[in-house]
């Protein structure tokens, strides 16, 4: 159903613009999360889905240019932010994970309570983006031997002892 | 030095010497035995010194070890322990001396002598310990040490078999004894032996639990002392090198059971079953051992069975509980120690000379090994109970007591008289055979060339030991003087002075004469038949034991496959069925189903009803549809409608999340299905259940839904408690600074869960990466 | 309302268990997916009958809101379930690659 | 200071993520991970020492008042388990270093071990029902990942049973969480403990508690819920198998102790009777299966299963003494099983096989490996004064005092058969001349491997010969478990740090 080798130029054209709007939407969802349905997780997965769709349209190199970082690194950064938010209060003599709030008035978005919970939520956002894209990219590429080297380079979690998983050669991967 | 330090050194010296021996074995080779001999003599002399100092009064030394478990490092110094300590160390010295000249190992001397030292330590510990748990501890240590020694020539199959048998039998009986000990603690309130002995008059030993304590502990003693029905391990333990046999089977380890019985005697002898159990077991053992000994033809097996017989005799002494016998228990034990140790040593020498164990192929060795022959002569005389030896006196005493007993009690007591007479006849014949076949007559032709004379030194220990039999047999008072002061509380003070060589023409003496005559007769009978009779197969407990082990293996294999533990593909069905059946059982048993409240569907529920209907229909479609694609579509419909259902439940965050997650899962599932060829899908449709299996699967699945339904129904019958939720609603704005309570719970109130959740996501990605990058690790080291 | 939820839970559990007990890895995957849904709805149902209550976006104290806690727990559970399901999908793919079959019998008798 | 109890969880998580960035295996990376473990062990020792005087340490996450926020609470039992988990993991880690050269090391192995340890430690420290679920999931997903990380091509299928069973367990766990919330409106252990006293005869609570036995029985390996285990563990690399075998089943046992001793009322007898009934087949069938196995690891796996039954006996009897017995047995068993797996790895390394049929010659050529194995085999059997004896004797004592004669008999039978199964290995690999097996004793790798196994053996020897402080520790852990009121008071009366901080913040803003 999804043939990763077909890269449609029309789809690519549209998706670039759609991608832009989705990103804005994701940021909105993320920021409103504390007071309305939304939050880091939902924003993250929306953003990740847009990246996944983008991936269908673009070639691996283009995709790499857009992403710039290995998704796993993004996810790890998210983890660090979340852990950091949790650990920070300890140094001020507070219990682990205590959150502090700052109240801000931002035009367009209205009353914002910016505080450490946002940082944790941002960590969640990054993790979800990184994890979802990493999972789908690696899995969709895994039957394709030449793209697999990319996956290998990206992850960095491999060495000479690893050999990419390749589908049995005699049976062509076919769509249903 | 104080008694404490003397005793501690005497007991622990062998333990500390063991590694030293192991260490020096490389440079000193066999001469390392001298270190061991020195140790044994030192310990023996220390014990001798203690005898002088204590003057026969019991003495307790205690140190805390594990007070949390009431265990003290507590030693009881009294006549019994000192006597056994002396036997262990003295015979140990003889055995080590013998081993010095017997063993011819290249690189394993150190191990051998270290084991022997360890063994000596374990036995000393057992006899001196005053605390039942400590006794058990050393008891098991002797078992382990004997396992290592019996299996010392480990690459021989019979070594493995013999050591396994010894370990399992003594280990199992030891565990039973542990039960007895633990039970004793809860019945009598203490593990302290000296305390128990001191309170023996006020202790209630009658009744179910005390009897159980006694029986369980006696099982331990029976196992160690190779009493019926555990007698079979001893002959099989003969796979050990001969010095070990001589130490294990004559002097020491097998006597531990006797020791324990003697220890327990003052405590339990008032129990009505004490005598019955011990006498029955002991005398049956005595008869079996004697009969089997005459039916065996392996030199060491013959000796092993005579040992079994004699152990039964010694055990029986404590069962009869007759004061005159008990007063001389040390005499009986020493008699056996001396003759059996020397006979084993001789057997080792002989086997070494002739290169075979079959007694029927031997003969005429006196000229080659005259000292060994002398030793055998003395020892066999004692074993046969001929006048002038310790064996004679021992047997006379026993006969006299039994006759006395029979006259006063009648009935079954006469059976025991018959038993001892029969065993004595067999033993007489065996002794005669042993000496005659080995040392008289002519050397068989096929052995003539291979014979080589043994050294003088190696013949010395058996000769010295055997001479003791004669010396003390002729002058029993001598022994009485030597053992004076070894009073055992609750049992006796040593009075050997009235032991005499000649009691006059009494009934026992006449019986002795009869026994001798019949023994010669039996011998002649067997000699005529060329010793062709064997132990009947069905009465060989060791084969039964081995068959039992094999049967156990077969049984466990059957059970294993019957429970389908070897079938990886069935685990899931079994576990799920189990969980479902159990849970439905609980529900039917515990939940009062009649109290269920039914909540009718009202008008405002219509949207929920429609969505619920769709979910149900499509989830059933996932099951019933044939094509994977259809199933997948049905599945995603279920997923999306569940997010609608979340909307009904006023959960906008959940609905969004569910929808998005459903999409990503769908992408992943599509990716999976796109990688599996279509042909496979069609082929696999055939592999569903049919018939009865299908019905079972259906039943289990319907039952599982039923269980969860009932549980939920019950939960919702009462309005659910919402303590936490109320607080969150209340504080989400004021304390967490957000109006979306779900979000504040997720990032603030319970932010730690979210941290865990994102960690799970990252780890799952790592797992996926690991799966998609096939690891070609270093093959030979990957385990 | 609760009756419908209870029925959904029952059907979802039954169908999922039936699928998990099949002899093919694809139905098993579907089964686990349904099992996740079943457990999720079970957990959500614990917040009680939502009829007449508002979503837990608190603008005015004193009004009747549904219990936010089960929803929050469920959010965590859904995400964790997603991670595990993704892993399961890839594992099944690897199993398929190693044995060139999706049939449980073939796989374990290979 | 209270923040310390999150360290055993957060530090491994943090280091695991750091090692995801610092990807290339190197000597420095190894040192960093080993030193982290050593540091954590020091921390956990301090915590253990502190729990002895303070009974229970608590940390309100985010400063929220009990029972509303997530609470971490650490009592003596938890501290013991954390220390053990860290110790075993360190030994396994060092063993892995000795076993593999740096070039052969999988870059994800150490991070995943860290994540696994984090999950395990969180399970031991959490005081919240749903957080326990999260901890379990961290632990499980790490264990799946580890299981399939370096797996052999055809062994991938053995991960499926493990995964499937645990998925079912997780789904049920979630439902159980729902049941508890619906009943008590709370998820905090202390709070539930206080509330549940009034629910002792509530049929819903009885059914829920019986389901909990099934759920955690899956993790712990009760009969017949252990079916997944014997196939999954042997496909792991040795050090990881040691962690799995030593720790993962014990987490199940720990949680059962935690929930049934400190959370649910003791008057709830049904689950305990159920555990006692299950204990008998767990012990007997487990050990009979061990006799059918053809590999050392197979034998060990089923021994593991069988001995879970011993701990179940202690839990089922439910007296202060019997729980102490189970705790002590658990301490012993973690160390002994882990070290036996490591020793098996050494055996595999030098003889190239772990099949009973093809082994041999080790006693002659490498007697020290034999000594290590024999000591641990005897400890496992319970030969005094090795560590297994005390635990077993304590369990037997409680069973005798409760007059559970069938259990007593089963324990004796299981012990004897344990001995038999271990001696089979001993004969096959150590006391046999097998001309077709050549031992490879070159190189120093196996010596270092033996050394880290020896470290664990040494621990068991210490526990065995100097048993007193450890038995006292187990007794103290048990008595603080039984001191429910203290725990409840301490947790529920904890200060409301969050509102204080918010108030001080708003006050500060005004002035």
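First chain written, first letter: the chains are A, B, C and D, and each begins at residue 1.
Just so it is clear, contacts are C-beta pairs under 8 Å (C-beta built on N, C-alpha and C of every residue); 3 or more make two chains touch, one makes a residue touch a chain.
Keep in mind the model is a prediction, meaning the values are calculated, not measured.
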(Q) According to the touch definition, list the chains common to the neighbour sets of subunit A and subunit C. (A) B, D
Q: Using mean Cα positions, find the chain sitting nearest the overall protein centre.
A: D
Q: Determine which of the two chain pairs, B-D or C-D, is joined by the larger number of C-beta pairs in contact.
A: B-D
Q.
Based only on mean CA positions, could you tell me how far subunit C sits from subunit D in angstrom?
A. 28
(Q) Centroid of subunit B to centroid of subunit C, CA atoms only: how many Å? (A) 50
(Q) Rounded to a whole Å, what is the gap between the Cα centroids of subunit A and subunit B? (A) 61
Q. Listing for subunit A: what residues touch at least two other chains?
A. 35-37, 41, 72, 76, 79, 83, 86, 96-97, 99, 101, 131, 135, 139, 142, 157-158, 161, 165, 167, 171
(Q) Give the residues of subunit D touching no fewer than two other chains, as numbers and ranges. (A) 13, 17, 20, 61-62, 104, 106, 108, 130, 134, 137, 141, 144-145, 148, 153, 156-157, 164, 168, 172, 175, 178-179, 181-182, 498, 502
Q.
Where in subunit C do residues touch at least two different other chains?
A. 20, 38, 40, 42, 45-46, 55, 57, 69-70, 73, 75-76, 79-80, 83-84, 86-87, 89-94, 107-108
Q) Which of line, ring, star, complete or other matches the graph of chains that touch? A) complete
Q: Note which residues of subunit A are touching subunit B in the complex, please.
A: 1-3, 33-42, 45-46, 48-49, 52, 72, 75-76, 78-79, 82-83, 86, 96-97, 99, 101, 103, 113, 115, 117, 120-121, 123-124, 127-128, 130-132, 134-136, 138-140, 142-143, 151-152, 155, 157-158, 161-165, 167, 171-176
Q.
Looking at the complex, which residues from subunit A come into contact with subunit C?
A. 35-37, 41, 131, 135, 139, 142, 165, 167-168, 171
Q) Along subunit C, where are the residues that touch subunit A in the complex? A) 55, 57, 75, 79, 83, 86, 89-90, 93-94, 97, 100
Q: Can you check the complex and tell me which residues of subunit D touch subunit B?
A: 13, 17, 20, 61-62, 64, 67-70, 99-101, 104, 106, 108, 111-112, 115, 118, 122, 130-131, 134-135, 137-138, 141-142, 144-145, 148-153, 156-158, 161, 164-165, 168, 172, 175, 178-179, 181-187, 203-204, 206-208, 210-211, 214, 218, 224-225, 227-228, 230-231, 237-238, 270, 285, 288-289, 291-292, 345, 348-349, 352, 354, 363, 367, 378, 381, 383-385, 389-390, 393-394, 396-397, 400-401, 408, 412, 415-416, 419-420, 423, 427, 430-433, 445, 467-468, 471-472, 475, 498-499, 502
Q. Where on subunit B is subunit C touching in the complex?
A. 567-569, 572-573, 576, 580, 598-602, 604-605, 608-609, 612, 615-616, 619-620, 622-623, 628, 631-632, 635, 638-639, 642, 645-646, 648-654, 657-658, 661, 664-665, 668-669, 671-673, 675-676, 680-681, 684, 687-689, 697-698, 700-702, 704-709, 712-713, 715-716, 719-720, 722, 724-726, 728-730, 732-733, 739-742, 745-746, 749-750, 753-754, 756-758, 760-761, 763-765, 767-768, 771-772
